[in-house]
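One structure is given below, represented as structure tokens, and several questions about it will come after.
For reference, chains read A, B, C and D in written order, and residue numbers begin at 1 within each chain.
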């Protein structure tokens, strides 16, 4: 391992450890992630979309534009591979 | 705060992240760099999924026996984000493999030092 | 209800999907659809910019869901300005690219144009989004298409592109990690909502870590020194039309995302006073200016010289962002605009030279001034602007940066900007000397002339644009940019 | 792995398994509303069944049944379905991707969203299926 790799890794790990103290604990019911936006999804999902699976309703409806983006990402990868590795159309 | 009891997964995640980062910047073999990238991204997925956990709750699929009490289901949003991130990771891996195949066809190796040598020879 | 914000990226995305379908029928359709799509996107962003200037910002709720629940698009003075710049440069370069692409990579025209449109769509998506995670998705669309486009040039291009892919993935992953820290600290992904909830959390270590991760990620993407390592190889080995498309706008959009984080998500005074992020960016920018200029002087390959000059110009933008005062930020934004025009023009000239002569070495350019008069006239204007000679646009952005440095009271930054203009003069005048005064063997460039009109015209447009921007800069600053930097003028707190 | 394996056990087993895998994939796509599943997961399983056939029966044979061109066509159809699920509501007064404005008569907005999600998930499934098969074909293709 190079010395600079070691320094980068130490800084990176140190930052993660440093940040740990102020991350909300998973058993803390008043943490922002549990009180701010997410409960709305759970409470509204069935009323808004008739879909019991909340992950699906968030994925395809509330944050549907993200999913469009990720579909485009997959398509981009397909086009990228077509561009980088064109198939030969010659038959053997 | 019950610091370590609930959070030891965080340290495992941090360790995995560091391993992945080491693979990406420390390894000389291009395929190993790619593997490092996958470890790194998977560790990020773990980080999010761990953040979504609420002890004593169930999966975010509404159950008529439980009702729509937000406190009874785990947080669905990180799962959605990670589904997106997984797809992005797969797509990146696909493009990276295509690049590696091109590189291998051209230089016959995936070792960075060998490739650099052969580049010098050809120019 | 105006659909404008979403129409800009959707037009580009739709044309990207139509290109492969139409390309099966006839290869030339690809180019036509790309140009029409880019033109429509530019028209929409220009209209958006005018609407924003007359009526204030436009917020668009995708899927009809109000912001913290759904994803929001925000067209304000800053994003409308950037969208107009990106789509305009994209349009001009796409018009130029047809002959150049047919000349360099004739077999791969259809997927190349589809990916070019996806690249533009991704960049525009980054610009107009008001959601932290949506930004990541579009960042990845633009990055993936850039990796692919850059991999098809010279023999060495795939290796350079792979290296960029690894660093780009580090950047993307760091960004997601930062967003994760922000999400678990605030519970929201919407930029405005996060900004509202952050002041209560300024003491949180998790928020500090989030800021550091996000700024490292965007620094990598914008190639801020010392995270620029991927840039020179990638710009040098990609096809010239691709470099001309990517070099002027891609790093700038990351710089825009940095400004967005500074102004909208984290408040400026948090990053200025509580966490020294902005001063680090300013010092790295200053270091990048000097490093890029010195490395550019050392290059004999024209493209490589331009690539290192990009590192130095990104240093200017970083310096302006890092100053975090109104004048500095105006300088940075004006430089984003000016540099996009200048760099696009320079890379188009480089592409034209390759198209006609197939050469890259500066030493072999002797006598081109007589053979390609119009191309070289555009080059001269852009080069003078890069150096910072007054009537050209480059002077004014440097001027605002200088004022910003003086305002901050940091004389080292002022000296850096002045010195780097001298260094830029060294490497550009060396080329100009070869082009106009160098003596050539007459046989070498016997049949060389200006490129065909479809290539020459965009080059001249950009060259003229550099001069026009120089004349119009006071209007741009007073009508658009002062709106953008208004939050920095407010009293702290 | 581009040639046919000529191994009757492998061939027979994969021919036997593929229909079940594909039915399961359709189940995963359509069951996304009620349990773990959805377009991505189902699309990946569908693509995996195609890859199994390509690996065991050989490219020559499989490409006649499902060609690389067909795969990219499937992906294009998928993304167009998604794009139209977004654009059609815009023509009927909604925002982009607001399925509540889809022009299907006799349904409440919530039910429209339910169907909108299904439409979108099928689009995603087609894209993932087509693209992953394309990736497979090109990554394992001959030097071109």
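The rule is simple: contacts are C-beta pairs under 8 Å (C-beta built on N, C-alpha and C of every residue); 3 or more make two chains touch, one makes a residue touch a chain.
Given the structure is predicted, the values throughout are model-derived calculations rather than measurements.
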Inset, instruction - Write down the chain pair with more C-beta contact pairs when A-B is set against B-D. - result: A-B
Inset, instruction - Between chain A and chain B, tell me the centre distance in angstrom, where each centre is the average of that chain's C-alpha atoms. - result: 10
Legend entry - Centre-to-centre distance between chain C and chain A (centres being mean Cα positions), rounded to whole Å: 26
Inset, instruction - Would you kindly tell me how far, in whole Å, the mean C-alpha position of chain D lies from that of chain A? - result: 21
Inset, instruction - Would you pick out the residues of chain C that each touch at least 2 other chains? - result: 13, 17, 20, 62-63, 133, 137, 140, 144, 147-148, 151, 158, 183-184, 189
Inset, instruction - Can you tell me which residues of chain A touch two or more of the remaining chains? - result: 16, 20-21, 23, 33-34, 37-38, 41, 52-53, 55, 59, 61, 63-67, 69-70, 72-78, 80-82, 84-86
Legend entry - Residues of chain D engaged with two or more neighbouring chains: 34-36, 38, 72, 79, 83, 86, 96-97, 99, 128, 135, 138-139, 143
Inset, instruction - Using the contact definition from the top, classify how the chains connect: line, ring, star, complete or other. - result: complete
Legend entry - chain A contact footprint on chain C (complex, rising order): 13, 17, 20, 62-63, 65, 68-71, 107-108, 111-112, 114-115, 118, 121, 125, 133-134, 137-138, 140-141, 144-145, 147-149, 151-152, 158, 181, 183-189, 197, 204-210, 212-213
Legend entry - Residues of chain C defined as touching chain B within the complex: 133, 136-137, 140, 144, 147-148, 151, 155-156, 158-159, 161-162, 165-166, 169-170, 172-173, 176-177, 180, 183-184, 189
Legend entry - Contact set on chain A toward chain D in their complex: 47-53, 55-57, 59-61, 64-65, 67-68, 71-72, 74-75, 77-78, 81-82, 85-89
Inset, instruction - In the complex, go through chain A and note every residue touching chain C. - result: 15-16, 18-24, 31-38, 40-41, 44, 61-66, 69-70, 72-73, 75-77, 79-84, 86
Inset, instruction - State the interface residues of chain B toward chain A in the complex, per the touch definition above. - result: 1-3, 6-7, 10-11, 14-15, 17-18, 21-22, 25-26, 50-55, 60-63, 68-71, 73, 75-81, 83-84, 87-88, 90-92, 94-95, 98-99, 101-102
